[in-house]
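Two complexes follow with chain A in common, the first pairing it with chain B and the second with chain C.
Showing the complex of A and B:
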């Protein structure tokens, strides 16, 4: 049976995920998204994977959420607070979410994985380092190239070429 | 370890469905990016959970790769949103009309 830390974390994660999508202000939505990402890091700690949890906090909570917050601040004030959506579409979306949740949940519960627990020791994080450097080193180099290419591409995309009429909307 | 594998998988399913709801309903480009983040995190949670119960280090390695690639995706996505905002003065995806068929 799940322990209280797990239950608290799951409530925090799912509620803040819904809040990230439903809160009126995008700034509060971004902060709620930070809650979701931090909750996932807590799950990683519960799963005895402190290295991945640290990486999650450093990359997601530390950099991605801050990047999103800055982008939100670049957007005009009235766009942050307006929510344009079709009520019928929203109702259909909630229905789709509930149906998908029920069906996927039923599949998961009735599959063979229910009841699996483990008493084995957790994987040592040194094994992850060995994986990276021995087995997956081409993928590691490729990932570095992809990251630097993506960051360069993002900078080229977001570079402003005309500076005359960008500051007027605020 | 008192938690079962199925608990983590159920949380992951719930997050995935919340993300699908956001992608289906929201028209704000930033909210759609939030929803994509939630879906990616649900997938990462699944990877690490199965890696813990096997147990094997490969799942955590793959989760780390996934986190890094997601970081690149967010950087490019935010840059695209900034460019679209500069072009249309709006972040409503229904108003981005240049590539519309």
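Showing the complex of A and C:
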């Protein structure tokens, strides 16, 4: 009944998510996080949307994970974390997660979404683009403005010169 | 009397050989053959002329040229051949090996040196084989405080990512390992893995030179990925597809480099930076940080990284050819074979030469492959050329080029492409 690819991907995603939280080494945690994000890309591939899957890999695995690795390597761990080991907090966290997952699962199982079968072909990315330009153009323009504002702000922050640096020649 | 084995006895030697042969026969019959049968049970065997080709039948056919030809033909169209040999890794590794030798000789000629000379009688032609043998026979040294799993896996991952990149490149019509609808995006997804692998291997070596080199590589690759992607957007705008085969076929009339020279130049410079070639070889700057992130690798691990980086060079050059130089399009080299030659063979005096099942490939295929390889070799030449000419630039200059000039130029290229579309030059009803 269950697709073996789906099962393998689920195991990969969940195991590496737990590993990302639990591993002592931050670098290995970041690698496990990459596994989780890659597993989610695999789910998108199973759902016949390679466009989203490729963006998931290029953006999340290729950029976000690199940022995290970068931060982990450049910052000394002892400076930002004080270790608080409390088993009760851990149990509470696990319990909270189980409750949330059980309730979400119950909602999904009883919503009738599992009974849906569809013969629709996979969504073409050209159709997504056409939809963006025709139906949702105000949202597209708003997104563009927000993003360009963010980029401009980042550049202004990066160009700020607090210290004099005589040795730098442009 | 041998010094290496002072107590050598011929009878012991013969006994050891017989013992080894005995155990090989026993293990093959008890484990190897059943394992092969189990594997064959799950493998889809090809059907040729209505006969299921089992390994036994294949061995029988191989002894007869007339029967072996269809077998060869079916192998040439199989997926395994594509992945391992022709458009896939084997071909790329061959081109990479050629690139290494040509680079050394060409740089030597540019700088009025001789280059590899003594290995092999003609111009040191066997130098590459010698280097390979040396790398294979050297000991692999892992630093004591290195993070062993990551350190060992990183070169393999590097070669694997390069092979995945090669798998997406179409070489001739229909000759591509993975013909995906979002090919260009898949290329960018694969390129995104290289900085991760680099910085992980640099960190795992637990040494300062690799670490500095890895951080530099990360800076460089991440900041040049953005203009790289932006410079391809012009081509995507004009062709309306992300499939690399369709992009190559869309340039049958005119290659996009003629219409979008700015995009091609930006792409080429970003390519140099992504490949860590001079003048952007800061991650491996040998006069500052020994060998950058490669410092701690030794033996075949270094060989693997080197192989991966040259396979990556081939893949980037081939991507440049597909995106801007028209892929495999070009005038045909020779007319197709005559029908009578295929049907009745060639009269050679008293005998008649005829091989059924020929030709193995169409003439278009040969023409396409020759054009593609010629163009790729030309691009590789231009990638190699700066190494003999330019010095290395500083990291702040590198980042300035990437973030200010190249991104701005890439946007200019996008507006050029938009202008071409709106002016009616390209697209429905246009000239091209």
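The working rule: the second predicted complex is superposed on the first by the 138 of 170 C-alpha atoms of A that agree within 3 Å, B and C clash if a C-alpha of one lies under 4 Å from a C-alpha of the other, contacts with A are read in each partner's own complex, and residues count from 1 in each chain.
Assume a contact is a pair of C-beta atoms (placed from the backbone, for glycine too) under 8 Å apart; a residue touches a chain by one contact, two chains touch by 3 or more.
Computed from a predicted structure; not experimentally measured.
J.: Put the two structures on top of each other at chain A: do chain B and chain C fit, or clash?
T.: fit
J.: Tell me the contact category for A:43 with respect to chain B and chain C: first, second, both or neither.
T.: In the superposition, A:43 touches chain B alone.
J.: Is A:57 touching anything from chain B or chain C once the two structures are fitted on A? First, second, both or neither.
T.: Only chain C; A:57 stays clear of chain B.
J.: Where does A:73 make contact in the superposed view: on chain B (first), on chain C (second), on both, or on neither?
T.: After superposing on A, A:73 lies in contact with chain C but is clear of chain B.
J.: Check whether A:141 is in contact with chain B, with chain C, with both or with neither, and answer first, second, both or neither.
T.: Touch partners of A:141: none, neither chain B nor chain C.
J.: Which partner, chain B or chain C, is in contact with more residues of chain A?
T.: So, of the two partners, B touches more residues of chain A.
J.: If we overlay the two complexes on their shared chain A, which of chain B and chain C does A:10 touch? Say first, second, both or neither.
T.: first
J.: Which partner chains sit in contact with A:133 here, chain B, chain C, both or neither? Use first/second/both/neither.
T.: Neither: A:133 stays clear of chain B and chain C.
J.: Identify the partner contact of A:34: answer first if only chain B is touched, second if only chain C is, both if each is, neither if none is.
T.: second
J.: Look across chain B and chain C in the superposition and give the shortest C-alpha distance you find, in Å.
T.: 14
J.: Show me the chain A residues, by the header's touch rule, that chain B contacts in one structure and chain C contacts in the other.
T.: On chain A, the residues that contact chain B in one structure and chain C in the other are 51, 55, 63, 74.
J.: Under the touch definition given earlier, write down the residues of chain C that touch chain A in their complex.
T.: These residues of chain C touch chain A: 147, 150, 180-182, 185-186, 188-189, 191-193, 195-196, 199-200, 203, 211, 215, 218, 222, 225, 240, 242, 396, 400.
J.: Going by the contact rule set out above, which residues of chain A touch chain C in the complex?
T.: Its residues touching chain C are 27, 31, 34, 50-51, 54-55, 57-58, 61-63, 65-66, 69-70, 73-74, 125-126, 168, 170.
J.: Give the list of chain A residues in touch with chain B in this complex.
T.: Answer in residue numbers: 1-3, 6, 10, 13-14, 17-18, 20-21, 26, 29-30, 33, 36-37, 40, 43-44, 46-49, 51-52, 55-56, 59-60, 63-64, 67-68, 71-72, 74-76, 79, 83-85, 89-90, 92-94, 96-98, 100-101, 104-105, 108-109, 113-124, 127-128, 130-132, 136, 139, 143, 146-147, 149-151, 153-155, 157-158, 160, 166, 169.
J.: Can you check the complex and tell me which residues of chain B touch chain A?
T.: It comes out as residues 1-11, 13-22, 24-28, 30-31, 33-35, 37-38, 41, 44-45, 48-49, 51-53, 55-58, 60-61, 63-65, 67-76, 78-83, 85-86, 89-92, 94.
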